Amino acid sequence: MTVPALAITGLRVGIRSDEGMARILDHIAFSIAPGCILGVVGESGCGKSTLIRTILGILPPAAEIVAGSILFEGEDLRAFSEAELNRAVRGSRIGFVPQDPYLALNPLFTIGAQLLEVMRWHAPGERRSHSTRLVELLRRVQLPDPEAALARYPHQFSGGQRQRLLIAAALACSPRLVIADEPTTALDVTTQQQILRLLRELVDELGIAMLFVTHDLGVVAELCDEVSVIYAGQTVESGPTAAMLDRPLHPYTRALLACHPDRSEGFTGIPGAVPSPLRAPPGCRFAPRCAGARPACTGRSPAPQWPEPGRSVDCILYEAKAAA
Amino acid sequence: MQITRRQGGALAMASLLAARGVRAATPGVLVRSDSPPANLDPHQLFDVPMMGYALNAYDGLYRYENNPPELQPWLAEGHTASADGLEWEFRLRPEVRFHDGAPLTAEDVVYSFRRVLALGKAPASAFLGILKPENVTAPDARTVRFRLERAYGPFLAAIPIVAIVNSRLVRANEKDGDHGAAWLAGNEAGSGAYAFVPGSLTTLERLDMARFEGHFLGWSDNPSPVPRIAVRAAKETSTGVLGLLNGSIDWTDSYLPTDQVEQIQGSRVAQVAKDVSMRTFIIRMNNARAPFTSLNLRKAMAHAFNYDGFIQEILKGYADRNAGPIPNQLWGAPKDAPGYAYDLDKARHFLKLAQAEGFNPRQQIRIHIQSQLEQTNQAAQLFQSDLQSIGVNLRIVADTWANIVSATAKPETSPDMWIHWVSTYFVDPENWVGQMYDSRFHGTWKASSFYRNEKVDALLQRARGLVAQAERAPLYEEATRQVMADCADIWVYNTVELRGLARRLSGYRFCPAGGGAEMRWLQMKG
Amino acid sequence: MTPILEVQDLSVSLGGRRRWLGRSIPPVQAVRGVSLAVAPGEVLGIVGESGCGKTTLGRTILGLQRESGGEILLDGKRVSGLAPQAARRVRNSIHYVHQDAGAALDPWWSIGRTLEEALAIQGIGDRPARVAEVLAAVGLDAGAARRYPHELSGGQLRRVALARILALRPRVVILDEPTSGLDMSVQAMVLTLLRDLRVRYGLTYLFISHDLSVVRRFCDRVAIMYLGRVVELAPTAEVFAAPRHPYTRSLLEAAPRLTGRRAAEAAPLAGEPPSAARLPPGCAFAPRCARSSAACRAEDPALALRDGAEVACHHPLERAMA
Amino acid sequence: MLVLRKFLRDIPAVIGAVIILFVVILALFGPWIAPYPEDASASHLLRRLKPPSAAYPFGTDNLGRDILSRVILGARGALKVALVVVGLAMAIGVPLGLLAGYERGVLAEAIMRVTDVFLALPQLILALALAQLLGPSVESAMLALTLTYWPFFTRIVHAETQRLRNALFIDALQGIGAGTPRILLLHILPNILSPIIVRATIGLGFTILVAAVLGFLGMGATPPDPDWGLAVAQSRTYLPNAWWFATFPGLAILIAVLGFNLLGDGLRDLVDPRLRRSR
Amino acid sequence: MAGFIARRVLLVLPSLLGLLVVTFLLIRTVPADPAVALAGDNATPEQIEAIRRQYGLDQPLLVQFGRYLAGVARLDFGASQFSGRPVAADIAQRLPATLELTFAALLIGAGLGIPLGVVAAMNHNRWPDFLLRILSVGGIAIAAFWLAIMLQLLFAMQLGWLPLRGQLSVGLTPPGGPTGFLLLDSLLHGRLDILGDALRHLVLPAVTLSVGGLATIARFTRAGVLDTLQKDFVLYERAVGFPRRRMVWIYVLRNSVVATVSQIGLLFGSLIAGAVVVEAIYDWPGIGSYTVQAILTADAKVMLAVTLLVGVIYAAVNILTDLALALIDPRIREGR
């Protein structure tokens, strides 16, 4: 078996606040194989962006990793120094596609200046060869007129074009993993469709791994090979996309799918609200909203279970089943 | 070591400089930190900076020298006057040359006087009413004749005011009938001991002068004259003092604050020249408007000012009490008139009398000071503090010279009280009592007491029409006594002028007219 | 039955400045000849991608934007041709809910004050009772009145925005992207709430959205807009079952669905919409349309009734196609 | 409470607040605190320009008055000048800026042109004219400072209002029929407080200092007012000897202005919703 | 871009006319009478009256203003009522000195203020931030002339490193022409000795004048950087491992200086007030002391000319500021 591009186990991230240390991420676990797209799905406030910042090592000053490991191609990223991360990981071995293409580019610098800056930093070499490579990539991501693009400013591109630019930038230093942070939420559906298709092609073509963070199950269904669902900072369920959409295991996953307009005729929601990670309930964080919750759910965090090959679920129900 | 006695870090720092200062001096150049004139034309301006310049760049027919001032023949060898005082003839010295080498003729003198009259600015004041331009004539190349409209006693005293200009040079630069005013404002056409260096002028900031070898007096009396003078205005006293202490300035204006004297005297590179001048310090009262229409109130005020305290403590003794309008050492000042003394009891007494006449002590009296002149402020505050103790409410109004003198055009707008000096422009009692208390001068700032006494008017009128000093003196004395009896103003002191001088200079001569600004007598080491 | 709201041949041009010296900026035709009629109690969806003019249309109907041509009728009475403030006065039975509910609230004001303010502006008395009522109606507890916008979640903010206009007793509500940016679980609850409120308060909705799956489930009829024009207008079921306009079809196909990957299906619509400032002649969709002909590039097709749907296309898809 | 805790963590702002509190106390109770309250107007010729000592911790001035007392007594005047000028300038500048930023067209354009005229008007020349018109006094100096300072507020408020004019919540208010005065005063104004506070605190210090220059030119505070700026101006004649005469009133200005500015910065960070979000 | 400048210049003209009208009215309401000064201390009332007539001061206001405007249209600003010298010539002689001083001060202010602001922002709410804030705010609060004298005592007197006063040493003569700017002219004439001497003289005045501006610039930069650091692209730049130092000092800073640049424009506007004290203490032959002289002597012609000058400088700086902003921000450049 190949080494996963990224394997996270038991990750716990805390943040200092006035009320003490709070766990904004708690026993997160998943892994991504090369050539595979893992969708990390969660609602707002579930810790998706903290997860990304944790992997990239750019947590805000008040936050820190408390436990767990982040293995990137077998190396523990936690052991890297800030300078090493900056030089050899962020933007080079791990590419990043941000959420909002309108805001993620510095408006005062040309595309070439910004993207080449990163390339030069990570891969010292000729300016000419960098820009040749960048133009090639831009052509690959189907940006119109790629040669002229380098001299233009971000505002001179449409949203879709900017996202193409950022995808090209993420690939510029031949990364082994690309982290995409809801890259299509700011785009129109037709453009979204184009971008998703492009991403799929690129992953298949280059054999890289991709962590695709989103809240949109539809997008996951279209794009991802595997899914990991996060709720309030905790991984609740992971597995192959098709299987999970067909037969969700965790009550939260089920509820979430039931909300989707494609699934339900009425409008069912999930009662209550996602708890703030600063005031997370004890035990299973979904318990207060879970229809099938039992008293034991609030007592302790559930341990991951593997009820089927390749699928894991963190729910006390399956502990019982496994025990039985 | 005088300096080490003083406490305070700043002074210690400054004193360290004395040693360095010697090196800071510029060899062969005397650096003056007083202001150059606003305009180089001696016929347009007549003020202290102008005198500081014109006494060096230009010559007049006569000149005041020494202290007390003596009128000495200068470009003229001498003069004659008719018995009625109407006809004056001046005989010019031979072989006087202007800076461009042209010889001085009577024509230059005629041109200069006519030009002064035509421009009608400050230097013309003494002559405007009494001399018509066509009545200045040159009977021959070395004689100038004046025919006055009426006899005018101070005529001769005012003669040094008029600088003689090189008429060919100025005429050549006349434009649109301006008498060369535009040109001469930035150039020079004189015959004086120092010549303006063309191109070195920044108005009010800097100008350079170079010694004129061909000056008519010659330089045989001065073994080491100053070759070059650089005027570099220091606007802040502190800069001037520091410059003096570090040797980069050789000469300050003559109004050093008394509090700076001790430090400069203690320095190895500089000293202070202290000379009694003819510059009186006066607190004016607006006699034409209530409450100062009341003689008793005026007397109360005159007794409430702490003359000695002011002179001894604030001025550290660098001033002479001058109880009347005319400087003590000048003729025409009555020697026996006692003046007013600081006596709060008397002040209270007169205040009561004034109250009986209807003066309301709660009424606020406003005294205007010139904010740039710290001494006027100190005097006002000292006065205010004493008046408070006798129950008079004095309010100080900070003001500007331009504003005050404009307000003095009319008794209604003129301040209740204000403070100023009267400097020597021509050495004659007319400069003081004549222009200050004759009612025909009402509307000028000098007459801003709006004092009116027909007897005084008549005395001054008569004195003005006479020529002989012996005849005029008693008239001025009598007028002065009357003004003092009427307590028209509060006369405080006669100035001791304080000028910072580098120790490398010697031969400094002071004269109240011009304030010692004549440089040709100075000798310089290094 | 008279439509409660009718729009006839409405055009709106935005921006455009004549500058003294220097280049003038030409106006942008954001809405071009749109005609709609909304029946009382109906939910009319307006669907299109960003820049298609759907929000401008909503703001113009509301009265914040002045139309450059055409008419707006409210209860059959003409209410167009007015400057914004006057327009708002005659159309005060129409209200608008912004897409970004959080940004539509003054961050300095508590929810309670904001709600009372709306009433104060309209001169309505008995404010505390009315505020309590609408808060309850949108499912917020009374304590929410004391809180500030930044303390509330996205779903709660939508509720506040609704409460704010409900207090004013509207008859027509323009909902601008009411579910965008919301999580699926919250979205469902907001939609439920909207449906309940419609019944309870007898509202008519103009539902502006780009989210086809929501529109499909919520709207009675749908108007598809492309670059300022309505290209298709039909009952929802019809549109989703058998789109007539090629653009409509592309749009439907592009929407991600839970049914999973359709890699082999028709290629995505190429390119992006042209800028509204530089419209091509003829049909605006022609440059991206696989079916376009010379006629499409020459003449802009009008919206015409075909088989029970209004379509603006020279070559509409056949019913059987879908 | 959270706000207070956040504020207390901002040490410069706390220092500023303490200073301001101190200055306000001096302003209110100065005559009871000063060791020689009579030195507000008295003069003592025999103890002129004495260096600091136990009896006169800050030394004495050119008329023998206790500088410490005068520094204490001067707090009231300094506070008055600063607050009145900045207050009036805000009262003129902020409404005009709001109006010009919110409305479009001729009125807005006219306001901004007038603002430009006043921005370009040299302060000293205006001060002179006013001193002549109204008589030289602190009041006319304050008016002159006000007239030259309001355009700074107009400019800033104008720019910020223009930015906010298109904000969604303003749009929403227009949608529910809110009138212009309500939108401007109740909604836009509170939202643009932070740049106004910055400008105002800069203005407080600036005002005290320029007032001193005006005083020295004969257009401002009048002796014997225990005015800090005036004392600094008067001390010029005695420098570098009487260093204490300039130093202590100068320090008083420095500290007071420092207080206002630090507090202002702190307040700015506090009210800025963007910064509020972080941490 | 040329069209943009032309448009701005034309737009400025009405403001300048307005400025002149306001100033003229203001100055004419001042009762101070230049005729009194010209007539001197021994004047007679008749003489004062004659001078008043000669200068047209007895004419109706409108006539006086008309005459003045006609002169200004021909770039003739008349003669000073105090000195009789042509105002334009005096200003032309002094303006370069003030501009050199102001520019140097601005350079120091921006050169130190911007980095200080950045460092403070990067350390938001930590000790470096606190310290820099207190120091930079102290700059606004310090009395300029007190600082000036302290600097004189330290650097000119105690250490003897720098000259006490003036623009040039007494022994040296300005090279003259062609620009009037001493530094530039000495460079053009190849007089490095004069250049060096002039630079030494410039240091203390420029530093004194810069402290106020420095503080303002530091504050606005700090605020700007804090603001920019919240932007999404900063997070993106961190996420792709941008070289950190370059990110802050180039990419973030450029986004942050917009407010600072506008402030620099406004700072220039208060040039005269700031220059007055500094020019007086260091005897800098500039516009500030010239203005004070005019005010003290109620010299209307000079005051009008100075006002107009400040107006023109203000307008020019505003246009330059806009140009600078357009250079910084491509979106402004395209008129969006």
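Things to note:
Order of writing sets the labels: A, B, C, D and E. Residues in every chain begin at 1.
In this text, a contact is a pair of C-beta atoms (placed from the backbone, for glycine too) under 8 Å apart; a residue touches a chain by one contact, two chains touch by 3 or more.
Chains and their UniProt names: A, C = Oligopeptide transport system ATP-binding protein; B = Peptide/nickel transport system substrate-binding protein; D, E = Peptide/nickel transport system permease protein.
Every value quoted in this text rests on a predicted model; they were computed, and no experiment measured them.
Fewest steps needed to get from chain A to chain B, stepping only to touching chains, is 2. By the document's definition of touch, common neighbours of chain B and chain E comprise D. Top-ranked chain pair, ordered by C-beta pairs in contact, is B-E. With every chain reduced to the mean of its CA atoms, the largest distance from chain A is reached by B.
Chain C and chain D have Cα centroids separated by 50 Å. Centres computed as Cα averages put chain B at a distance of 87 Å from chain C.
Each of the following residues of chain D touches two or more other chains: 128, 132, 217-218, 236, 239-240, 277, 279. Chain B makes touch with chain D in their complex at residues 6-11, 13-14, 236-238, 241-242, 257, 259-260, 263, 306, 309-310, 313-314, 369-372, 374, 377-378, 380-382, 384-385, 388, 395-400, 403. Within the complex formed with chain A, the chain C residues making contact are 49-50, 153-155, 183-189, 191-192, 195, 210, 212-214, 216-217, 250-251, 253-263, 268-270, 272. Those residues of chain D lying in contact with chain C across their complex are 167-169, 171-179, 182, 186-187, 190-191, 273, 276-277.
Of all residues in chain B, those touching chain E in their complex are 10, 13-14, 16-17, 20, 24, 26, 29, 31, 38-39, 41, 44-47, 120-126, 128-129, 181-182, 185-186, 199-200, 202-206, 230, 232-236, 238-239, 242-243, 245-246, 248, 372, 400-403, 405-407, 409, 413, 422-423, 425-426, 431, 435, 440-446. For chain A in complex with chain C, the residues that touch the partner chain are 43-45, 158-161, 188-194, 196-197, 200, 215-219, 221-223, 241-242, 245, 255-257, 259-270, 273-274.
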